[in-house]
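Each of the two complexes below includes chain A, the first together with chain B, the second together with chain C.
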Partner chain A sequence: MKLLIVDDEVEICDFLKSFFEERNYEVKTASSGQAALTAAEQFKPNVVLLDIKMPGMDGIQVLGTLKKKFPRMKVIMVTALETRDKIEECLRLGADNYITKPLSLEYLENDVREKIEALTSSGAS
Partner chain B sequence: MTSYDYQEALKNAAKTMVRVKNPRRLLKMIVRFIVKEVGLSHASILMFDQLKSRYIFVDSKGSHRIPINLIKLDQSNPLIQWFSDPAPKAKLNKDFLACTELTSWLQNSEMTHHNAPLKARLLQLKDVLETLKATVCVPGFYKDELLGVLILGNKLKGGQFSLEEISFFQTLANDASMAIKTAEYQEDLLSKNLQLEKQKRELEIRLQEIAELRKKEQETYYQIVMSLAQEVNAKDPYTAGHLKGVERLGIMTAQEMGYDLSGRKKDVLVASLHLHDVGKIGVPDHILLKPASLTEEEWKIMRQHPSKGAKILEPLSGFKEVANVVLHHHENYDGTGYPDGLRGEKIPLEARIVSVVDSFHAIVSKRCYSKGQPIDAAFKELERCAGTQFDPHVVEAFIRAYKRTLNGKHHKEESAHRLAS
Partner chain C sequence: MMNFHLRKRKRILKRFILTGSLFALVFFFYSLFRFIAFRFFQYDLSSNDIAALLLSVFLVALFYKPLDYLILHLFKTVLFRSHVRDLSVLGQLARASRGVPNSFELANLIVNTFGEVLDARSASVLLFSKAKGIYQIESAFGLKPSEWKNFELAGDSFLIELLKTCKIPLERGRVIHSFSWQEANQLTHCFEQLHASCIIPLMFQDELIGSINLMPKSIAKSFTSPEIKSFFEFAQEVSGAFHSAALFEELAESNEELMKIQSSFLHSNQHSAIAQLATGIAHEIHNPLTIISGKAQILLLKRDKIAYDEQVEEVLKTIVKQTKRAADITRKLLMFSESTKSVKEPIDFETVVNDTIALLSYQVSLDQIQVMKRFEHPIPKWFGNIVELREAFLNLFLNAVQAIGTKGTVQVVVRYRKQDKMIELRVSDSGPGIVEADLPKVFHPFFTTRQEATGLGLFVTQQIVHKYNGSIHAESCFGKGATFVIELPCEQEHSTFASEPQANDEASQTHKAAGLSEEHFSGGGNAFETMGIS
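Showing the complex of A and B:
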């Protein structure tokens, strides 16, 4: 259960990292789009939690690249942005879910678990 | 902090809360105050977001702070449920929630089989507290409404919170809730007030628009009335174009009498001189232009023109005095005139002047029913009727003013005609 958390706010990365580590996930964090791509390459996470609004390469660009390179990697967009256009664009690019901040931790954890379960069951078949 | 310190801190906090009108700022101040003065790993405030009925972090300070705007707690969250659910909560203290107390309860041997649902609930609760790294949670209520939760981390010096410390936090939380509610009410009132002000302004604008429309309407109506007056004069070929002359003679007379023409008075006089016969528009041409004497029946109709004129002017709110003059310009000084038989000073002065000027005109101009007469004969006629038909003072002033103008011009006949025309 490998999870990559991408957010330019280090505080958010740290908080979510400790939340998921306590729940027995293996977690890495990245605070920029570029760092996210590098981490994905090396760490090969099952699920990526991806913020949209980041300086430089934004989450939508990262999403596009990730889905091209690693089609099986599950990407959950976690963002404060909530415009219809953005949501549609993310889904078009293959995002597996779109969660807006402030979020319910319970919902987030359930969603991550679901994605991983889907991966393992499809991998098994 | 000592007991004295807490009391002092509370007093200061209470004073500040009264001053701070913005509740968000107040909450930030409380969080900073707690972290700094009490020395905690972190302190955070969860506040109820009424709009979306959820609880969000409005502030968090300290080394283990919770990122603002990342997490929300729904009303179904175990922590929120714990405080907002009025059902009895076992033997646990419900005014605050301490992690240690919760742990010891869970380890208690009494937590047997039949307590399973409660145990499940407490486990969930413990999970939330661990996620938030909370040692103690203190709810803030307003009446029975859970407005927020104060979430406190560990004491940096180690050790547990004393009851005194917890009661200090409780007081703070409840005072803050009160301050938030008060601020909300004030904001609500303020916005309602603003709305009322806005409506009032809109109403004023509408009223002004209506007033302007009315004014415009009246101006238009006045134009119509003026063109009616000209129409009436134009009908009679002998008086056509005489309005300017009538105006001059009327003003001259009024001035000679020492009548104050300041302000609107001059306008009233001028308008009356122009409009006195506007009612003739309602008199059939065969009567108005008859080249012979009128029958009694025809006179009856002819005598209606002052009241018809007044009626035409009625809709003009600024023409009440003018309408009154028009109505009475055929009254006689001795009370034998029409329509009301007014006598002497009861007849408006402007009407008495109009009467003299109009009659003078009738005499000197060659009207359809009589040949025009020279100025001297006209003066004689006016003097003969002074005291009966005319106000003698007006006649006297009229003749004096007229003669002075003639002498001033040295061209008797010519000037007279120019004046009269």
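Showing the complex of A and C:
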């Protein structure tokens, strides 16, 4: 169960990393869009937690590239912005969920687990 | 001319009366002497009456001055009494006119004074209308509306030009003789149309702003030159008032226009500004909030491994809850600023109200708060966006709950008004109410009287209600709770009546699922449904 966390706020990356590592996930973090793409190539995560507003390449661009290159990769948008336009754009680009900050960790963990279960069941069939 | 003739006639009459009285007096004294001589001296004066006659004439001559004066006085007070007009009223009127900021009221005041007090048969006020570029009658006394309502004079018509150049009162009788017959004809026509024998211009700083047009009751009561002079003086004084009234009206009009532009500008501007602000705040604040709340959650999730005392757990829970509240501010801002092409669907008000209250009971402690709901069926389905309606109602309900504090009653009433096709939603609370001075401000963004509140709830609600062409207002008496009333237009064509029994069933199921105990007060169709949460 490999998880990539992308957020320009290092603190957020850190506590999410420790939270998921405690729950036996293999976690890598990236603090920019560019770094996220490189990490995704090398690390091949099952699930990506992706922030939208980042300096340089933003989350929506990353989402587009990731979904094109790795269609099976699950991407959960984790963001402070929740305007309807953004939500619609993300869903159109193939985001698997859209979660707004501040996060409920229980909800987030459930969602990640769900996505992985979906992956394994579809991979098995 | 008429005045001149009249004067002459008056003078002849006066002479006639005076001479008559003198003769009568001479005869009276002569008879008196004869009577005295005959009665007391037994002497008949008829043979020698020249002396008596001379004596009488002498006596009468002595009385000539006082007699003349007496006759003049009688003349003035008895025979031509009404002609002596009390012009002091004009002075009062001129003073009063300064405080009237409305041309129509001012014109009314003037024509009525001339008509009622100064005994004119007809009086009218002609005023220049800047918007139309013509002179129109503003108000008239003694004329039928049909005679003056449609009367108008162009700015370059003969009468107006004449008034502009000569700048003095025009008297029909005098003026006509000083023009060629064509011009005189035109003028006569104007005088006829204005039902006037005398036109007094209203001049303000060399500008003709209009005229006062007067017609006396009868020729005998026509205006004298000094009177016309004082009318003109009055006109000069009052034209200042007309000028400022016109300015005031113009100002009020352009002010109104400006307000309209400003409000629409503000509205569009407000939207984008708040949207930008909200987006910025959302990002800048949500990240730190995420960190705070996230770390607190991590600690909370570790409570199985590490034994916290209750106080620490409580603190952590509060941190998570409060960060969520802070995030709600920006969420609400975003919600409002989004110009969404929202999905509209037929909505059952009862379901929305029930669901929202049920949902809320998880978050807000309704321990001692009694919620009474009344649905006055039939309520048609309302066509709109369910998220927005829920948000609007949620804000009102939350507001009521927070106003109450710990113990009290919230009453929710939904009914459909057939006469104006409106759905009315009333949310009343038994809280402290709203101070009168605060009532107009409750819908302002960021206005709040509570420390913990965002001040955006009612604002957002108002925006939603206005979006659906509805209205919202607050009714409150300080100390007696407050009621918020939303009225939303509900056209029957878009809506169907909800089948009532089913709706009721669903509603009660929702409540049971939410773990709420319910009591039903049955009392006909409009029973109060009480929800005691304990």
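Keep this in mind: the second predicted complex is superposed on the first by the 125 of 125 C-alpha atoms of A that agree within 3 Å, B and C clash if a C-alpha of one lies under 4 Å from a C-alpha of the other, contacts with A are read in each partner's own complex, and residues count from 1 in each chain.
Keep this in mind: contacts are C-beta pairs under 8 Å (C-beta built on N, C-alpha and C of every residue); 3 or more make two chains touch, one makes a residue touch a chain.
Not measured: the values here are computed from a predicted model.
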item: Joint occupancy of chain A by chain B and chain C, clash or fit; value: clash
item: Contacts of A:102 with chain B and chain C, given as first, second, both or neither; value: both
item: First, second, both or neither for A:67, with chain B first and chain C second; value: neither
item: Touched partner set for A:9, first chain B, second chain C, both or neither; value: both
item: Touched partner set for A:17, first chain B, second chain C, both or neither; value: neither
item: First (chain B), second (chain C), both or neither touched by A:53; value: second
item: First (chain B), second (chain C), both or neither touched by A:113; value: neither
item: Partner touching more residues of chain A, whether chain B or chain C; value: C
item: Segment of chain B intruding into chain C (one of 218-226, 254-262 or 398-406); value: 218-226
item: Overlap of the chain B and chain C footprints on chain A, listed as residue numbers; value: 9, 11-12, 15-16, 19, 80, 101-106
item: Sites on chain B touched by chain A in the complex; value: 54, 56-57, 65-67, 69-74, 77, 130-131
item: Complex contact set, residues of chain A against chain C; value: 9, 11-12, 15-16, 18-19, 53, 80-85, 100-106
item: Interfacial residue positions of chain C with respect to chain A in the complex; value: 279, 282-283, 285-287, 289-295, 297-298, 301, 323-324, 327, 330-331, 334, 338, 340
item: In the complex with chain B, residue positions of chain A that touch it; value: 9, 11-12, 15-16, 19, 22, 80, 101-106
